[in-house]
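Accompanying notes for the structure given below.
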Amino acid sequence: MPYVNVKMLEGRSEDQKKALVEKVTDAVVETTGASKEKVVVFIEEMSKNHYAVAGKRLSDED
Amino acid sequence: MPYVNVKMLEGRSEDQKKALVEKVTDAVVETTGASKEKVVVFIEEMSKNHYAVAGKRLSDED
Amino acid sequence: MPYVNVKMLEGRSEDQKKALVEKVTDAVVETTGASKEKVVVFIEEMSKNHYAVAGKRLSDED
Amino acid sequence: MPYVNVKMLEGRSEDQKKALVEKVTDAVVETTGASKEKVVVFIEEMSKNHYAVAGKRLSDED
Amino acid sequence: MPYVNVKMLEGRSEDQKKALVEKVTDAVVETTGASKEKVVVFIEEMSKNHYAVAGKRLSDED
Amino acid sequence: MPYVNVKMLEGRSEDQKKALVEKVTDAVVETTGASKEKVVVFIEEMSKNHYAVAGKRLSDED
């Protein structure tokens, strides 16, 4: 606790994901006072055909 | 904003998903007054072995 | 099934919410072929101090 | 209703998942008074590179 | 890990909720082999005006 | 996009929440390359009687 979920488009590299969970965890620890060992981060990836803004999926854009 | 998540069994076609996000977005705009550009829709698919009703997974049904 | 979650800022009227679930359900039935009795809609409201874009909460905007 | 989501690392067998949804459903029925037919269980699997504790992904552990 | 979320209508007593998290945790431990200390359960309550089946909110039923 | 959800116990101050969304947003921008205006952060608070570890709610601890 806290539990952080990051939902984003697929395609980031493993290095980016590794850095993402490190930096987000640090940000949570610094601002909430939670102990680092208790911070959990989940990454959730979406594909372009499952994500739409303004009624249009990213996979349908020109 | 609003953010809409539609969780359903896998198997719909791309045409169905395309129509789904269009119509759901229109429904949200019409009823909430949100501007269309701000409506986000996510599609989340489940497989039959990860979904159970009454303690029985769909993949275990006869 | 399908299960739809609509996350939005608090403040819509009961009439708007009632219409929202009706229209969204119709949109899902029309486009996915699901039977109406199986469509579930959840509304999830956020307050302005729990929602941020570009690092700034809505409650902190001028 | 109730709707139960179980998020866990991938790797459990089909027999484990089958037993999981059965036992969790029974536990919910017994303690909440919900009728069994109304209890829904979703299983959501994570991979080790999408799950981090203390800023470190499971896939990055030695 | 595992992380279990139970979404249900508000109105259960504290004793019911206490029993719910105990029994669900036991069910998860028994069937997944996870150690008990690692099982996390969240309860998420809904009000009747934020939950709809077949396009109709529970708060709008006769 | 990305969409970040931070679930934590209630009780943090407004200043802590304000700093939390700022720092988390910066961490996401720095590591994923997303543009700042597209990063969304939600805060989701739990009460102690709705959160359990090892089958025991925080509200039931001595």
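Points worth noting:
Order of writing sets the chain letters: A, B, C, D, E and F. Residues in each chain are counted from 1.
By our rule, a residue touches a chain if its C-beta (ideal position, glycine included) is under 8 Å from a C-beta of that chain, and two chains touch if they have at least 3 such contacts.
According to UniProt, the chain labels map to these proteins: A, B, C, D, E, F = Tautomerase.
Predicted, not measured: the structure shown is a model, and the values here were computed from it.
The minimum number of touch steps linking subunit B (Tautomerase) to subunit E (Tautomerase) comes to 2.
Taking each chain's centre as the mean of its C-alpha atoms, the one that lies farthest from the centre of subunit C (Tautomerase) is D. Taking A-B and A-F together, the pair of chains sharing more C-beta contacts is A-F. Separating the CA-averaged centres of subunit B (Tautomerase) and subunit C (Tautomerase) is a span of 12 Å.
Between subunit B (Tautomerase) and subunit D (Tautomerase) the centroid-to-centroid distance comes to 21 Å (mean Cα coordinates, whole Å).
For subunit D (Tautomerase), residues touching at least two other chains, in rising order: 3, 7, 22, 26, 51. The part of subunit A (Tautomerase) that touches subunit D (Tautomerase) in the complex is made up of residues 14, 17-18, 21-22, 25-26, 36-45.
Residue ranges of subunit E (Tautomerase) in contact with subunit C (Tautomerase), taken from their complex: 7, 46, 49-57, 59-60.
The touching residues of subunit D (Tautomerase), when paired with subunit E (Tautomerase) in their complex, are 1-9, 12, 16, 19-20, 22-24, 26-28, 30-34, 51.
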